[in-house]
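Okay, here's the structure, questions in a sec.
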Amino acid sequence: MFLLDAPVTAKRQVAQGMFVIAMRAPEIAATVRAGQFVNLGWSGGPLLRRPFSVYRADGEDIEVVLKAVGVGTAQLLEMEGGDRVSCLGPLGRGFEIAGSRVLVISGGLGVAPMPLAARDARSAGARVTWVHGARTAAELCSEADGDEIVWATDDGSRGFHGTAVAAATDAGLVLACGPNRMLAAVAERWPDAQVAVETYMGCGTGVCLGCAVPLALGGYDRACKEGPVYRAAAVNWSALPAHLPYVA
Amino acid sequence: MFLLDAPVTAKRQVAQGMFVIAMRAPEIAATVRAGQFVNLGWSGGPLLRRPFSVYRADGEDIEVVLKAVGVGTAQLLEMEGGDRVSCLGPLGRGFEIAGSRVLVISGGLGVAPMPLAARDARSAGARVTWVHGARTAAELCSEADGDEIVWATDDGSRGFHGTAVAAATDAGLVLACGPNRMLAAVAERWPDAQVAVETYMGCGTGVCLGCAVPLALGGYDRACKEGPVYRAAAVNWSALPAHLPYVA
Amino acid sequence: MTVDMSVAIGDLRLRGPVLAASGTFGYGTEVPLLERRALGGMVSKGIFIRPREGTAPPRIAETPAGMLNAIGLQGPGVEALIRDYAPQWAGWDFPILVNINGESASEYGELAARLDGVPGVAGFEINISCPNVEQGGLYFGNDPRAAAAVTDAVRRRTKLPVWVKLTPMVSDIGVIARAVESVGADALCAINTFVGMSIDLNTYGPRLSFRTGGLSGPAIRPLAVHLAHQAARAVRIPVIGIGGITRAEDALEFLVAGCVAVQVGTATFVNPKAIEEVHDGLVSFLESRGFKTLADLPRYLPRD
Amino acid sequence: MTVDMSVAIGDLRLRGPVLAASGTFGYGTEVPLLERRALGGMVSKGIFIRPREGTAPPRIAETPAGMLNAIGLQGPGVEALIRDYAPQWAGWDFPILVNINGESASEYGELAARLDGVPGVAGFEINISCPNVEQGGLYFGNDPRAAAAVTDAVRRRTKLPVWVKLTPMVSDIGVIARAVESVGADALCAINTFVGMSIDLNTYGPRLSFRTGGLSGPAIRPLAVHLAHQAARAVRIPVIGIGGITRAEDALEFLVAGCVAVQVGTATFVNPKAIEEVHDGLVSFLESRGFKTLADLPRYLPRD
């Protein structure tokens, strides 16, 4: 775990309202694993840090992908090259990647942890099929990649007309991230899938117990320590707060 | 009284650590009188506005002069051209300028209301003598002007060695602004002098009663409404909080 | 589509739910900027029978997302209020309630009697919650018997609406709320400021000459929403929410939590048009959610 | 010149006045970033005899300069604490106090008895101020008799230092402070969180599943400074200040107001090095003012 004062190095648009921000955080870039996240703070920002999956890591930089859904994300998107972000991470447990065939399923901003996952899977010699879904073609993240890519849109404006889960065909290892209702559907079909969940977070480091994830066996654990990646069947989906407006 | 969203148009240094910031506020520039102030707020700033005397007003712009003494002034000095400041004013009662000879006495940042005062006095045909004092030569505001200018420094590094008050020779109308102890000395020597005082302010508009100025006759009135300009002898100087660190 | 924003508080009908809070809007004569149409009503600065000097400066100190004040209820006294302000109020198109104060129940009663029937005075807000006076103030606010005695003394001297402004400095606000309801209060205002202190590291003493002050502003909003909600659950009379409201969303928290109206205070210092923006923001919110009247807003008010 | 930062709290000597607050530093094992030298001590997350699941999510909500939390004292129970954490604590160079909780005075007593003598446990902080549990919690905190009964039950079962953590949800904190002092508390911790509520305008209900939560962070600092000051004036035992401390200047407000030490909570979430920065900032402040020991810092503590 590192606490770095990271300058913003680049910014680009990857879908309607969706942007990637890169920042120089060498120690984090060198150690982050797919599915882990960073907790970001900045002067003039809200009191609490904001957690973001690491989207990509190359060389000295890490990237995060986001949409403006509130105060913090709006401020982050206003940042310019050179502006400094306090970057805490890498945090949480990432994906356990193994096997020869990997199916990646992402809904909307659920694309966030997947470029790293796809990279690791392919460098481990696996064949990656990536199913990416969104409401409309314009909201599809342009940077999904893999040996095979399947697009899905709720309005049918591009690729499969329906959800990413419905568009997916079976595979060995399944990795998924997106709205809770999508992850619940993944859990139905692939109990052993690895899914990355979101909760409100106080600290991101395991000390506040604010990020409780309800477990199928009862009780809660911490999205920021034991999570954010879980075996799909291990989560009590009906008890995990839904309606995260920012997850399109 | 106007509430304007004023873009910063210029910034210049006038002494060690002392800067002038100009902003476009046409209605205020057109109506402000010497000794009046504006109450400034900006997004990402502190909760309460910060009051500043109007230093100059020409055309569509007004100017304020300040040093960084805390959160708000530091943020103001970081602003760049185009950044927006919410500008409330003009506020308070200014100087009543009359007579053929006017003596202006300013200590440190007490220079703030004086360029407007000198302008009005001279356009009313008066002869203006301006005595400006500071700790050291470097802290003297370079923009003091008048028919006659007298410099005073506590360390004698420029002009008269001592206070501005000691350096001043008698005159008709006396206008003064600076640290309380200086204004108290002015009151001793020229009970009828017009002095501009400072207090903490909540609203700047007369509704909170936070800016209480203790009066010689007892009771308090409002620096933001009846003030900030007072007849020197009307103020109970011993009861007016001193140690305003930012008034050098 | 226009939304019906009017609210009835007892017999008093307001054109809108956003009022100016006592002590933050003076006597309504100071600031020309606000569009008056947005004002549902105004509560004037706290007044005593006799003139009061108020406390020595410094009277205010800024804190994170808030401010402390210790004004000490400076005011000209009731006769000056009747002479200088009431006549102007009589001509305005929104009701003015007078925030009344005293050092004994009977003083509150006399003050109400003196103001009862004066043109321009639409009702009373009993301040039993001022943290910044030596006598009275808070004491009346956190003892149910004393709170009821003050309310009763006022109630007996006037037919005008009587609102009681509660202090947050209690372990159970419901007890006080029920006590004043039982003696005929028409509405409750929740809440007044919290007692706080800020230290000056140059003088090694309090920043405020009064030592302590009342905390207001956004910092207290979550506490105020909770207390207003608790009060609303404890009584049947209407509750007016107060504390840290700067935007329509803030006001909506109080309204959903069971309040019929709100008062805006400190925000007016920062933005003289705050009340206008809160009111207009409420209208657009209700429109966007398809509500035709403010009364249609869903409330969260479990009775238990 | 090096400043002597050590403080004595009863028989317990701390190398520095800055402690980690309960529930904001876990069990001290989670975050590697902080330089431990800056830690005067640590109070562990609140524990019950039995394991507790805690409340359903959402458990936290952000507010202006603060946050609401309703964790519900989730914890593994005392046996797991003794098995998994105490052994690690025994090897650390600063004292760990255990924040103990119960649903009855005797439960508090049993918990203390079970932990008394366990290597790694240096003392107890009695939590009679948790707003987020159905039974106990706040109730013990705002009734002097109940507060004294709990303290007494613990005092009888251990010779270790017993600190009592007070709730701000009282009309006179001095009464509770004196009540627990009279039955042998070694120190007071002021304060725990304030009860607050935040409304979600999408669901028209509370943001937190527990409905209400405890407010912490900079927003409450002026209230906490005042309450810690009131407590310090009411008793002779040391008071440890808590509430909204993020920088050395904040800690200094509590110290000048009469506290002997401070605890840092929420700030640690924002800045894992907060405790280090507060401690180092205190040292530089004392140096800059020419003080040789923390004890030389002028205090504002009028006895009346």
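To keep things simple, chains are lettered A, B, C and D as they appear, and every chain counts its residues starting from 1.
Keep this in mind: a contact is a pair of C-beta atoms (placed from the backbone, for glycine too) under 8 Å apart; a residue touches a chain by one contact, two chains touch by 3 or more.
Quick caveat: nothing in here was measured; it's all calculated off a predicted structure.
Asker: Which chains does chain B share as contact partners with chain D?
Answerer: C
Asker: If we define chain centres by averaging CA atoms, which chain lands farthest from chain A? Would you check?
Answerer: Centre of mass proxy via C-alpha means gives B as farthest from chain A.
Asker: State, to the nearest whole Å, the distance from the C-alpha centre of chain A to the C-alpha centre of chain C.
Answerer: One centre to the other, that is 46 Å.
Asker: Just the number, please: Cα centre separation of chain C and chain D in whole Å.
Answerer: So the centroids are 34 Å from each other.
Asker: With chain centres taken as the means of their Cα atoms, state the distance from chain B to chain C in Å.
Answerer: 35
Asker: What is the distance in Å between the mean C-alpha positions of chain A and chain B?
Answerer: Taking the mean C-alpha position of each chain, the two centres sit 54 Å apart.
Asker: By residue number and range, which residues of chain A touch two or more other chains?
Answerer: Answer for chain A, listing residues that touch two or more other chains: there are none.
Asker: Where in chain C do residues touch at least two different other chains?
Answerer: 61, 65-66, 217-218
Asker: Are the chains arranged, by touching, as a line, ring, star, complete graph, or other?
Answerer: Line.
Asker: If two chains touch, include that pair; go through all of them.
Answerer: Once each pair is checked, the touching ones are A-D, B-C, C-D.
Asker: Looking at the complex, which residues from chain D come into contact with chain A?
Answerer: Touching chain A: residues 23-26, 30-33, 45, 53-62, 65-67, 69, 71, 74, 202-203, 209, 217-218, 266, 268-273 of chain D.
Asker: Touching residues of chain C toward chain D in the complex: what are they?
Answerer: 61, 63-66, 68, 142, 169-171, 194-199, 201, 204-206, 212-213, 215, 217-223, 225-226, 229, 244, 249, 252-253, 256-257, 285, 297-300
Asker: Quick one: in the complex, what on chain A touches chain D?
Answerer: That would be residues 1-3, 41, 46-49, 86, 88, 199-214, 218-220, 225, 239-241, 243, 245 of chain A.
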